[in-house]
């Protein structure tokens, strides 16, 4: 089912080479100011940078089909639609018989049968994340009203790793100044080189995106089963290419001692804070008032132009495959906007749930 | 909401020091053979080993309150109950005012108010995982009918890391032969030492559990939003102490090239297989027929006997805290049964969904 | 799935002749005062009156297994359990082969297969409504906090029809003073006679229960699909024996002119009211501030002692059946407490949803 | 939330005078043949008859935005869209301050605040049922595959009541031959007159629609809480104007004796049947193989041209209101297609659930 969320519910639809892609976002409070331009601005942040991305040139122009009148939400479901224009499906028929390694061709056909729409990756395409980004713009408006802000950046790209602890403000300033969404201008150059090198070799690279959400109130989440980690992870794993999610010290924390990993409490400016933030802002599945700190691992793009081994499903025999087409050698920079949006949607959903609202107003 | 699952639905209830803990498991097909002894055997696998675990001695005797008659499931919801016996709540009142670092004391009170039951960790206690293990035994019976098997082991414990690629059969044989649930007898000794050392120092250690599910049919999962990764991750992050989940090459894959990380296809014994399994058995959110390969990061136990900084919430001032009580210096070995059960519940749920069943019988 | 509700979620379990019956009620706010005696009092209201009901004598003693500590809700799921004691399953094995007319024997077996627990009606028994009544007591406590009150009475019993418009207060006073839950003492006598007459003839009678909910705030419900009518109807149709639900003028309104059926607005004591209440307090699926007015049709009890035609499912041939056992010649009086509870649970659920709470506090 | 369904999930969006109205239908199996023409044909059946309906002339042209490629379902969510063309919103601003009796103006504003879109009834408009009818066309295709057929007709229109027991085939043949969707040509004339008379008097009439579903397999539904009655009722009560739903003998059965209302079993052509069908095809919430027999009560159209009492919400004082605009004096004939579609969607949803499919293939 292409729906996620409890009080804010996102339904995704469309396919890469069909009429278009879009989403329904239900549960948005009425009376919020959201213009088409706000949505377009966010969606544009997901577009590929000229030099390093796919040559597919989608305008990705967002239409509002319902739920917003005169830039004000009405309380009815918001429907966003992005028409597909620059599609070329000629190359995809082959992959029905000879699945591409690392892609969903094989599993899609197993799941949906021969009628599955595999053109351009169909409903498995990274393109499906554009409506998520548009919906994220609405979610950010909801979060703004309670002061929550979200920002993500490329923390790792191939072999280039950003080991600095980063300040939320610095991230927000730096990240849209360079094409790889790095929080550091110098590292950005290295990352661009990493991508160009892979591209020249007909190869691709992956990376890690870190996302911070600050000023989330204490008390968001549950111990079972709608933990803040679990709700975020479920959403993030739906982003094509994601293979790992961790919070705070995550896998690194697994090697620590308790005395080292525990975040000790102090009073700071009249509020309870922790000295460190190894918990990534979450204790017992519930936000503790510290920044929510998420790391998301992306595998390298599956589409590479090198020859690979595959199988002919009709003849059930081994064969080889060389993928042509227009692909990103690295989707990580474009996915930064997606991770931000996905995080914002989940947090907004959790902040619209009845028990949270009741508590906030108590 | 303490419920998870779509076609197989688990509702967890109870608290560490209340009358007991338990669960409702709804959606179990009628006519399956499940004895109380089957459930008890699984729950016993979660009990602490004599030397390395908590001195709390719970019998954890499983009662079947509904849904099974004469060892056969009736199709009605199965209700499992484990009475609490060895409880000593005297030490917990303090933590209401002075929250323990790394614990949910602070967030629980923010979420549920002063009426929250914090005795023994209340509904945040690791003890809540016992009914999950019992429910997992039922889920395994469901999976057995379609040939799916699940096994987990301790892959890392503190500084001791098991880097071997492991065979499913070897894991199943080895893991219950040693108290730390290692897949290797020699490593098991190192891991025991790691725990004993931490314990002596009034400290604790974390670790990583790897879980494999084999013979899951091709085609389980969805691209949005109920991906196989996402559904598993949501469940796994509800296990107390989990801070990271990855599939296949996961975070390691983020540093690879596409040509290295892509799993190329071959025909093997008449079936489509991949040469490597960096995808962890999942492509596009859907199982590809290879083993589902999950790694789960556990933080070190938050309860340590060393003095830690905390705050007095009544006076809103800094203070220190020394936790006494009966705690595990490492929960990882006990969590192996929990990770297995949680994985089995999710996979059984996904294999009971209508679209999967329709396809299997087509 | 044996679960209903969005923000207040009820899961029902057990069977008529198993260990017991019970429920999990999740989403109850913490800090509410609910004693075991409060629950017991409501459940006792569902017990059969000495003269007119089944001779089965269940104590129906409610146990609180979780979620309430020292008569205060903790915010964790509340688990209520009622052990079965006075069970005699000897008579039920027959109905597996020869289904009772009007009962679920045939459909239960089709649905759950041969392993279905049909003893005493299994999970289809009217007995399953006892935990609903207990959960309703908690729901009423939630509703009290916002001033909503619910009361039901027997409006029709067999041929005896109560055509009076009734005042909420009068209903509350009268209804527990007579064994048939009539709002009028004189009619009550007629209704008792109606039951006794049917009983003597080895027959049974049905009836109609009317339920009013007053002081529900304006604005509860939605146009699609969680209408106030739809949410209530879904719950009410789960009560065994219910075959019709209508609101306000209902089926009668279908024969009216618009000019007659429309409820015209007036200002009364500074509030918007309607002169009539043909809408039953609901416009566009949303409460309009007038009393919610529900009518629920119950078929006559299916168990009658007269000989009836049935079929032998093993031999697939016609046969006859004479049901012995302890049955109510009319369940309507006992169902009054159930309709009240079911209504209270739905209204409490809808008043705990985020959008409603946000609006109330705006 | 504007979503309904478990395995087949319908999300409704749009508003009467916005860009358009539409829906997402998720869970449709891949490989079904569904042409745009099939959808259009069903939607056309909902259009008003020339003489007796609203003068609003909507083409209601259905666009398929996603989920169907070359007239074959792909397994992805199906998105249907109907652009609004003939809109005239000038008359609606008034109703924000002076709510129309019988309409949702008051409750819509209470629920969604001042930003609510009330033009043409907004998301409360009967026009929202057009996408339900389109989705129903897809649902009927799903049902056809297992042999289930659905047909509805106008059983009552104002004072004209059709008391004949009707045969499924006769209904299907007759109902689209006359503008009021009667199963009888002579009654149809009376019904037309009933509407014309009301229209001339500036008034409106309601009615009752009966819907039959035949050849539904034994075993669809559950005892708690997803009863076949409850699932159908929840959907049907979302159709604007519906105030009552009953199954089989319904409210009439409440006055019967058990010996009269019980449907006795016989073997007929090797199958278990009941002699009568007072249960409306449902026992214990589960289909028994007999026709599902539903009656749905519609109130008279709220929009009448007579002067009515209302209130001025700004000044909080009594006033009067005379509604002008283009309205149906009776929506019942148009709602026949809607009731059929709504019933088909629910039945298809229930037939796609895992437990049903597993049983069918056992």
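As written, the chain order gives the labels A, B, C and D, with residue 1 at the start of each chain.
By our rule, a contact is a pair of C-beta atoms (placed from the backbone, for glycine too) under 8 Å apart; a residue touches a chain by one contact, two chains touch by 3 or more.
Predicted model, so just to flag it, every value in this text is computed and none were measured.
**Q** Mind listing the chains that sit against chain B and also against chain C?
**A** Chains touching both chain B and chain C: A, D.
**Q** Which neighbours do chain A and chain C have in common?
**A** Intersection of chain A and chain C contact lists gives B, D.
**Q** For chain A versus chain D, what separation do you get between their C-alpha means, in angstrom?
**A** 39
**Q** Could you work out how far the Cα centre of chain A sits from that of chain B, in whole Å?
**A** 26
**Q** Measuring from the mean C-alpha position of chain B to the mean C-alpha position of chain D, what distance in angstrom results?
**A** 46
**Q** What are the residue numbers in chain D that touch two or more other chains?
**A** 1-3, 12, 27, 111, 113, 123, 355
**Q** Examine which chains touch each other and state the graph shape they make (line, ring, star, complete, other).
**A** Topology of touching chains reads as complete, every chain touching all others.
**Q** Which bits of chain A are touching chain B when the two form their complex?
**A** 1-4, 10, 12, 99, 101-104, 106-108, 110-111, 113, 123-124, 128, 156, 158-159, 198, 203-208, 218-219, 221-227, 229-231, 233-238, 240, 242-251, 253-267, 270, 272, 274-275, 278-280, 283-288, 295, 297-304, 306, 308-311, 313, 316-318, 355, 359
**Q** Which residues of chain C touch chain A once you look at their complex with the stated criterion?
**A** Per the stated touch rule, the residues are 7, 27, 29, 352-358, 361.
**Q** Provide the residue numbers of chain C that touch chain B in the complex, in ascending order.
**A** For chain C paired with chain B, touching residues are 1-3, 9, 11-15, 18-22, 24, 26-27, 30-31, 64-67, 69, 72-77, 79, 81, 111-117, 122-123.
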